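Naming follows writing order (A, B and C), and every chain is counted from residue 1.
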Amino acid sequence: MLNYDKSRFERIFRDSSNEREILVHNASFFQDTLKRFKKNKGAVVGLIVITIVLFFSLIGPFMNSYKYDQVMTEYEKLPPRIPIVEKLGILDGTIVETKTKARAKINPDYERIVKEYVVNGKEMVDVERNIYKEKGFDDVYFWFGTDTLGRDQWTRVWTGTRVSFYIAFLAVLIDMVIGITYGMISGYKGGRTDTIMQRVVEIIVGIPRLVIVTLLVLVLNPGLMSITLALILTGWIGMSRVVRSQVLKLKSFEFILASRTLGSSDSQIIIKDILPNIFGQVLVMSMFSVPSAIFYESFLAFIGLGLQPPMASLGVLISDGYKSIMVYPHMLLFPVVILALLMLTFNLLADGLRDALDPKMKEE
Amino acid sequence: MKKILRVNDLRISFKTNSGNVQAIRGVSFNLFKGETLAIVGESGSGKSVTTKAIMGMLANNATVEQGSILFDGNDILKLTKRELTKIRGSRISMIFQDPMTSLNPTMTIGKQIMESMLEHRKMKRSDAKIKVIELLDLVGIESPSKRFKSYPHQLSGGMRQRVVIAIALASEPDILIADEPTTALDVTIQSQILELIKELQMKLKISIIFITHDLGVVANMADRVAVMYAGKIVEYGLSDEIYYDSKHPYTWGLLASVPDMSTKVDMLYSIPGTTPNLISPPVGDAFAYRSEHTLKIDFEEQPPFFKVSDTHYVASWLLHEYAPKIEMPEHLQRRIKLMLSEEY
Amino acid sequence: MTKYILKRLGMAALTLLVILFILFLLLEFMPGSPFNDEKLSPDQIANLNALYGLDKSPVIRFLIFVKNVVLHQDFGISFVIKKNAAISDMISSRIGITIKIGLQAILIGTVTGIVLGVIAGIKRNTIFDTLTTIIAVLGVSIPSYVFALGLSYYFGYKMRLFPITFDIDDTVRSMVLPSIALSMFVIAQTARFMRMELIDIFKSDYIQLAESKGLSNLKVIIRHALRNAMIPVITVLGPLLVGLMTGSLVVEKIFGIPGIGSLLIQAIQVNDFNVVIAIAFIYSFLYIFVNLLVDLLYGIIDPRIRVQGGGTNA
């Protein structure tokens, strides 16, 4: 056996300082969550992009002197043109048209041929035309171009984005207020109340949201009001179900039973014991309802059941732009990109939150 | 006696987001033919990982850092996937902890039992079916031919565990690994299942590795016991040596926390503190933080195995000649004796 | 099982009744009755009123309304889009194409989605997995009408592979782009769900048990994982239907398809109440019917539900 110094075999008696050492590793739940969230690149990028878009939707409409509904027919259908960037050859106020060579009369002041080729034996050319020069608007800049009535797209896009944020906010609010309250009452009270409330939910779920909106539009006229009402009528169902099942689960837990025997009132139990325990899930759930609400507004506007022009929302802009998609794709481009970006980033954010709050899902 | 399985200095780690979990940190033991080896330890001590390694079923994020598992002259850790599937389920098979989740919910139990027979023994379907019914009978399921077509959810927990056992036995294995096969069951059913396993071992002469965190469960069953803590074996010996003459304070803690069935006391002893973080395991004896008998050296150096007898080894500095002499607490000895004599 | 079916049937009937009631109320209180056409003579109005029971008490009227709708599929007549044409005729000539495109989209979507999801679930953390995740995220994030616009712009306008707008003489090629546009959402959802299910199932105890039997990976996947993963995927079919409905509206609008979606939009825009209400009813009916079907299918495929109530006798 090796030689050991005898002194190393002295006994050590436990005192509290030893124990504390072990506990150091336990970071708090919140810090853990934050750490996991930060590790999720998609979610962080999502949050940043959402912040930037929100910033522009607030500031954007004031960044130039045009109003979102200001019609300037002389400026109609202009492509985007941004100072400085235009020198790079993009967003420089040009559009490209395809013509047969025979027909193309090039005016060198504002037109040039970018490509020549043969299709089916016909000689074709792609002609790049600078509309601003053609019309003599040398010092005019519309950053996102204009629409068919000469309204400034930049202002309209960011004004329209505000509607999406309003809808996002509304969706979360409805989840948080109606969804939680309904689920909480249904789950906590139980018994007959629960049965009746769940029947009601089942019936509402049985009616497609599209039908509810359609009927509301029929009664109220298309617009933000009917969308808001439709969301209030249907937006909270998913959340109430989740909250109810969570409450049912929690109700039977010992700490809640204990709390009740100690004489806590129902509201105390709900606020102190139940809400904190379901908060994570509620937050994630409400984040997931955001993209679908944003989509719904834009969808309704697109088919003409939502906001109506001259009001601007991303759906309205897409609906307008789609009418001239063949000739002026830029009118469609910006609202579509922003809409897709919003839906994508809210989805990423919700995913990230879920993974951060529920580490079990992502062990490996 | 013949060694059927030899695990040598096994070290396994898992890659995770927060770092490398060193789940198994040098585990060695032998399984003798026809014997039952109990591996005992708290949750997280590495029991399941050890058995998964033997089955060649480690998770994807696992790395075997070192060691070997010799079975039939081959190192299981070095076999190809194909060779592994030939051993797994045919020579070594396994019973899982939770019968409620370990059966496929959408397949009849007959089919689930038949599967490994068809796979490994190349039987005809009709023969296999007869064999399945015999097996169901063997594991104590009533009207087995009717039960053949049942789905798992139509059976109670105890029944399901019998089915799981039947699945494990279907290929007539040499080694049966039972990973806490009774933990998820009621006490009465628990003892029925234990009885069944014991009986089956007598009849079929298989070698068993029995995993549990409750030394009481294996008292009358195990020939040898390995006590695991934080990815290491801390004490290893014949059953009697562990129950009546254990030397490691952790083993004492486990013995003290065996539920006392005769007195039906609800107050259960549990070892104070929690298991250490295996991402950065303690330098010295991992149990030092929780032990009542801690030495200075425990925080500095890991204890080697001290030999108590030819069959009994203990990894604790308390067995060093310089260490103060500390014996298994008297009252614990008495309690264990009493318990083992009257209960089982 | 019988009890389960009965309960589901009862709930579906109740929901349908509630919808009928709402629609009835709307018809009663909407400004402008269906027969306020100034060209109708008082006699004709009285006749029509008698025909639709408008001279009876509200309860009787509701019953008549239900009877007309349920038994005779009679929704009255259109008074704007196609004056005095029976709505049931207008709908029956259009509903076929809507359903056909919807079914095609479901078929393309679920098959592609399941295949992608299975590959991604099995080949965790490989390029396939990443690709599927990207498709799934994009499919969920990008609205179906944006897809439809993109498809019609590139494959219709730029490349001229398919007609941009619906062509009666070339229905087969005309339906390709709309079906694909609609199916994107279905692909995304099923792929995502399938992948998640499989990953969960691979962690489950019964897969471990199957592996411990010494089955090859392929056998474990086919015999044990796939079937169990498919079952919950059926449950997303219901929500997918909602996506399909909204999708069909925009897709019909974009590609100019003469289905009931475009009819609905038109009817709302010109305030043709009867038509709106009729289509609202049809959408609700389809929705309830498919959801019922899905639930029953679920019951048939999942033995746990199949024997519910009378099974546990061990």
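Just so it is clear, a contact is a pair of C-beta atoms (placed from the backbone, for glycine too) under 8 Å apart; a residue touches a chain by one contact, two chains touch by 3 or more.
Not measured: the values here are computed from a predicted model.
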Chain contact graph, described as a line, ring, star, complete graph or other shape: complete
Interface with more contacting C-beta pairs, comparing A-C to A-B: A-C
Whole-Å separation of chain centres (CA-atom averages), chain A against chain B: 51
Whole-Å gap between the CA centroids of chain A and chain C: 25
Chain C residues counted as touching two or more neighbouring chains: none
Set of chain B residues in contact with two or more other chains: 60
Touching residues on chain B, where the partner in the complex is chain A: 16-17, 59-61, 273-274, 276-277, 289, 292-300, 317, 320-324
Interface residues, chain C side, partner chain A - complex: 11-12, 14-16, 18-19, 22-23, 26, 30, 137-138, 140-143, 145-146, 149, 152-153, 157, 242, 245-246, 249-250, 253-254, 264-265, 268-269, 271, 273, 276-277, 280, 283-284, 287-288, 291
Of all residues in chain A, those that touch chain B in their complex: 1, 4, 6-14, 18-19, 21-22, 25, 36, 39, 362-364
Residue ranges of chain B touching chain C (in the complex, touch as defined): 55, 57, 60, 81, 84-90, 93-94, 96-98, 101-107, 115-116, 119-120, 150-151, 153-156, 159, 164, 167-168, 171
Of all residues in chain C, those that touch chain B in their complex: 124, 204-206, 208-217, 219, 223-224, 227-228, 231, 301-304, 307, 311-314
